[in-house]
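Single-structure report; data block below.
We just call them A, B, C, D, E and F in the order they show up, numbering each chain from 1.
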């Protein structure tokens, strides 16, 4: 069962220090392509879905490389516009042990951020789509992209596509242009069928306070507020992450339904971590895969968590695992060489 | 005390993805030379023995490189034939955390597999040999190599060399030509003085069933069947491996004598693993080293397990550790920098 | 608050095997610059101090690169002499799991070792200095450097600079020229305000015996002997290191004052280790930073241990962490990506 | 003006020695994707055409990577079948000065070679196609692929697509299965509108002899024979290559029309060569581009030669140049940095 | 004889494709530090002068690395300010044979471009300076930097430092903010003692037309106009570059004095070129070195051209050659190994 | 026809800057094994001869790697002693265009230089040898190695092996210990059947003066003096090298017989050069190969020059070409891809 899923967001070049070095400790950078929504799209394409990217890239070799990398991994890039300007970049030093990974964003003024909302013909782009996937990063980039995200969500509603929205709250981006994070995110969440968010996102958007001592209770309280505020919303999902040190995290996953039913995927120990970036996006793609197939919540969140865990073993922003790879992990979890 | 040990088997090129990448995630492959029997031979050469390879390699730069690498590490390659054809290859993605290593064999139709059994002049090749080492991979490659392995084992018996045989059962290889695994392996094991095998191998070859709940008990029951079936057999040895995740295994070792006496090397925690390939071959070389020296079973299996553990810290298929390296580990196990 | 700290010692080139390979397993070496005193100096420069190197390097591209690397990280190299000769080298195979890192020194006959004690104009070099940092490696290199180290320490006393001395006892270096380690180290320690040493160093220098079962008690007993023997001494500090395996150590830190007061920084688990070399030097720089600021012993040793731990996450000999990096670790220790 | 061009042929992995090393001189291989027809297709896609690949790749990570690389550069891979088996490989040592590049083929028994002719649904695959591009390598791989190539050419004729055929005569491949090169190539050339071939190919297929002293005269005589033998044929094109040494060749291009009219692109000096592989395929794509646009022969052959020359400056098998890149070269040929 | 030379301009990170690849053909970038004025400064520092950089870098790891690299090569960076913002970048694909190198600038909105002219305390920064070196790139970046450059030049005049100005006309930068290139460049040239420029620059700034057929005559005519327009000007110098292809250029050098005297350094064949970037800056540093020493024009331009040629053999933007390296080339030009 | 050739000399590690960088421009070194006599030996082993190395290497991983590399390429290393000490090193920056390659020796005090002459059992080592190959570097290292070289030459005479001696005059090495170059080299040359040397060597050893304007005439005059002074000498051979720039040399070869007959291999243009080191040693091995086969002088010198030229295309110190590779070059010299 293959769905058509349209992802809208910025493509970024990740320039990372080799090995566990600090940035420019030696004079080389490894290049990966990423972006929260593209990460979800690539993972869904690898799961066999017809995933399509809608974005704007710079009219140069970097923009071309970014779109090419998505095609390489199976995404449809016919909806990726090419426009004058620069590509958003981020520099990454991956960290180790007690030294956290550091991300240095250099994405201001990108061709994507400057693209007018009208540049996208949503009815055509969403033609035949089953789902539209957005994240809170896109509206945080400025008025253009905020308007475009909202237009996309409303067009999805018009065409009957479901809307998946990943909170991904980034205060620094909003502050840079003094955007009304609360108002805009509320409008977007109001269109969502599926929300990747936890109580902290709900605190930002709805102003709630979550003093519960148990993480799960906080998530459930946040979900209750979300379902109350957003009548269209059907599911809220998130991971619970406990870093033991930079190389080793513990991860579990929660999926809450509108009826309050909560499915929990039990904690996995994840380490030594190869690449932590994109773990949340891989989880989101896994949950979407389960919902597309109409799986039970337990199976859905189990698949989502397994996908999220697997991502930590793969260099780069993309989860390149297939459904078989994820199911092997869910099913048995054998760790010796596969010959 | 240095023995002459002749190893017969295929040399393979391992083409592996860099770091923890998936295959061809980036456009580079690291090349290592390996092969179950060559791995044992190189380790024995590093331990100071006169280890000689008997094999057939392709008459091209790849075959030349394979033989050259054995010489570099001290093996005698005067018994390596050069013949038209291709080299056997395997592609490796090393895996990480929950993602198992994946091996993609591309070895069909190699110069080794096509070499006629008569191509090897066993009396000359085994001249002065103390041991012949074979594995279950060689007969699994087809009628030519099955005949050659059997001829080698029988020639060893004729010259008085002892025979070491590593089960290494690979069902896919046997299925490819519908070879009679059970019959051929039985014939080979019947010639062996030393068998590297566990209850699963015995299940395949002798049809036994091992429902014991304790791994050690299963191994001992398998060994009892082996000693009953193969009157020449004097020792059976194997590792017990418990993968905690892909990067961390626990490993112990067992050596059972014909008299039923069992020496156990207690569990070592092995992680984070650098390279798991060749761990069993390093163990086999360690056990052979102990038997060559006539050590007590406890010392022998301790040395074997230490050798097997050390291999996990060394990139490539070969255990490049020396006797001093292994004994440092057995003796004290200090882990700070050696200056 | 920025101090001027003068470091005197040899600059070395570290040539290390890539990844976790053994030396020359593949035909490449990574080059880093190091040296016990330079490591302390670079770390202090990164902490904002005016750190100056005094040394002698070879008049070739290697010597030039060594001095250039110190400048790159903020040290003043106007006190680095250039003289005919060779650079000291060391080859490093980093080890893994049960396989200890191996260091192969090739430093005999270096331009530094051959430089006459009179080559250094200490009053000028120490002009305005708050601290002089030395280690026990320098006098171990031969009569020239032993005389130079002593001249430096005495000149520091004359100018009013405090003296920091890191024991770093290396028996092999002393044996090579049959130097009087005990006598010379005693003379140097007699000039020190701050000593990085433990009971083992005190055993060497003062002949004491420390049969206490608890490591901390042994350190305290050693410190008591040191304060008794060296009236100028005000602080003694050291780390307590418990390697669990090559990739994972536990580390705590102790600072003992002349009044016997002991500050202990509790044990940190450090692993998987990226680069263990320079951990002690990073600790020393951290302790010096605390003393320069007049911090309480607890804060000082906490900062020192955090600095030492951080070093294990950074490739190369230098701790490139800033004060903010270290304080982030002391303060909270969050391990997720910093965006 | 964009045409739909369907390319049918094998995808190969090229494994090449780094720099100018011999194969396995150091233990690394660089991986590129290639194949005569894919090279033409990628170049046409980069020129803005709708280029589609028809092929069969192995059902493993290598086959996936090969198809992904074509998508990355803009080809449609929906016609690429996935089947059990292995991928064809070739090992390359690039050579230098007086040392010729060496290619070591390891392509026997590939999934492509084993695919039955009936596996391809040509009417569907050629739907809307303006051109079909084939080469003489495909029929040389065995009866399956010979039948498939012929079926493709005849289907093209049925749908009205033009047929482009690149002789690429490889005697070793034909000998391996004693295929009737002359008969099969004749049948294929009889379907071609455009033939990339020179007098040597005509000698093989038609048995002619070309004793003319001038290369151009030989080509023209060969072309005359080709037009006589193959009534459908409209154009024959080839390069004239004079290697001065391995790093420096001179290259010109010839296009002969059925009317005997000959357009010649004058000799270009090409060196120091970065990567010679794919030079002929880049030339073929350039000529096809001119014919698709209905350009005059002089402009067409000029563009073709410029494309062929540019390929020599680009690592890998593919010509990644755009139309603008090629036209910049034809137009003026300035060689300083483009800022 | 060592002069103090202050260089003012932007520091850039160069991110270049490895080998001769196109940008992002493989997922890696090599990082170098550059900038027209910094290139001159590093070369002068390597020649033994006290070269100091005045600039503004971003307050992040990239800015820190840029300043560190200048220190590594001997420049004084105490005049480099650290400010919020981004670093200017440029991406480079080096080209080959007929394929020109391509530079992709991504420098808009850098910390340097945004720094107010008042941020620099010129009297202090120029204290003791013998020369100030500027280029036409700095004023082209916007009003801030145009004002800063002019302030610097006037402050130099006030302190008695000579002014060296490299035209480096970049129309795209001026167009981006519609700056008055002609007016501003005129004002700057009016302050210069030494101008690196040719007739094309003079055409831009003074509006002259240079129809002479001989390059040298055009340069002389341009110089005549320059001396007429700018009474302070004493020397004008430039290279004459004839690219034969991308890997091979011919280069000569011209130095014209106010008296019309012209010194010509005869043409050198330069190829195969390793790195063409920074060739003009290396030439400028060489000419400055000659003028600082008061050499005759012939010796000065000969040294300048040799320095410029040598740069083409060194990877990166900097000419790392020493005076001895340059003089070896001027003197004899032996090309065999120096042992 | 395969000869047994014994080579005596030092094994060195070459540590070279990557690409065309200067030493330590980036923090990596490539490692190659070399040594004038080992280079000849490896080339002869690749030509099919039984080449054996006699040397002393350090008892560490570096010495082991050096010997292993010779075995890898087919040399017998049973005559390589292992002794305490260090390995000789040399650092190489390969140069480009006008920038000469630079070699930085760091070989003083090596295990080889310190080995006593008596350490070698020459009668045993030379058992069955057809040739002994020495060079002028070995006696230049000090009294030990001078005595050892002389002992080897005399033992060869005693056993009937012919002696090949390569002048390789290195004044710096002799000056370091004020060795009597003239006397010692004379003694060695007096034992030689074959001398690789030109008029400059003869000038050093015999004091002659060679004012002839033609290089060939100078060589012939030097040869005449050599044959007069050394009655045992039968052949003298050398290359004539004309560097056009660092990347491009022209090379011819001369072989003079005792009867004055001169065979000349005409000039080859060699460029762009990949690696110039070992070119003379490859030539020497080629000439030895011809003499072993009893070829005519023209064929011998032609083969020698072709071998020398080929070496320039191969990275590292060794000529890895086979006889077929060299003969392909002599025979026809085609430069296109070999498929």
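As a convention for this text, a residue touches a chain if its C-beta (ideal position, glycine included) is under 8 Å from a C-beta of that chain, and two chains touch if they have at least 3 such contacts.
All figures in this text were calculated on a predicted structure; none of them were measured in a lab.
Shared contacts of subunit C and subunit D, meaning chains that touch the two of them, come down to A, B, E, F.
With centres defined by CA atoms alone, the chain at the far end from subunit C is D. Chain centres here are means of the Cα atoms, and by that rule the chain farthest away from subunit E is B. Interface comparison, C-F versus E-F: the higher number of contacting C-beta pairs is recorded for E-F.
A straight line joining the Cα centres of subunit B and subunit F is 42 Å long.
Rounded to whole angstrom units, the spacing between the C-alpha centres of subunit B and subunit C is 45.
Our note on geometry: subunit A versus subunit F, Cα centroid distance of 62 Å, whole angstroms.
Annotation for subunit C: residues touching 2 or more other chains are 22, 27, 102, 272. Taken as a contact graph, the chains are fully connected, with every chain touching every other chain. Taken together, the subunit E residues at the contact with subunit F in this complex read 268-274, 306, 309-310, 312-316, 320-321, 325, 328-329, 333-339.
If you check the complex, the residues on subunit E that touch subunit B are 26-27. By the touch rule above, subunit A contacts subunit C in their complex via residues 19-22, 25, 95-103, 105, 170, 172, 241, 243-247, 249, 272, 276-277. Every residue of subunit E that touches subunit A in the complex is listed here, in rising order: 15, 22-24, 27-32, 60-62, 65, 86-87, 89, 91, 93, 102, 104, 106, 108-109. Contacts from subunit D toward subunit A in the complex involve residues 68-69, 71-74.
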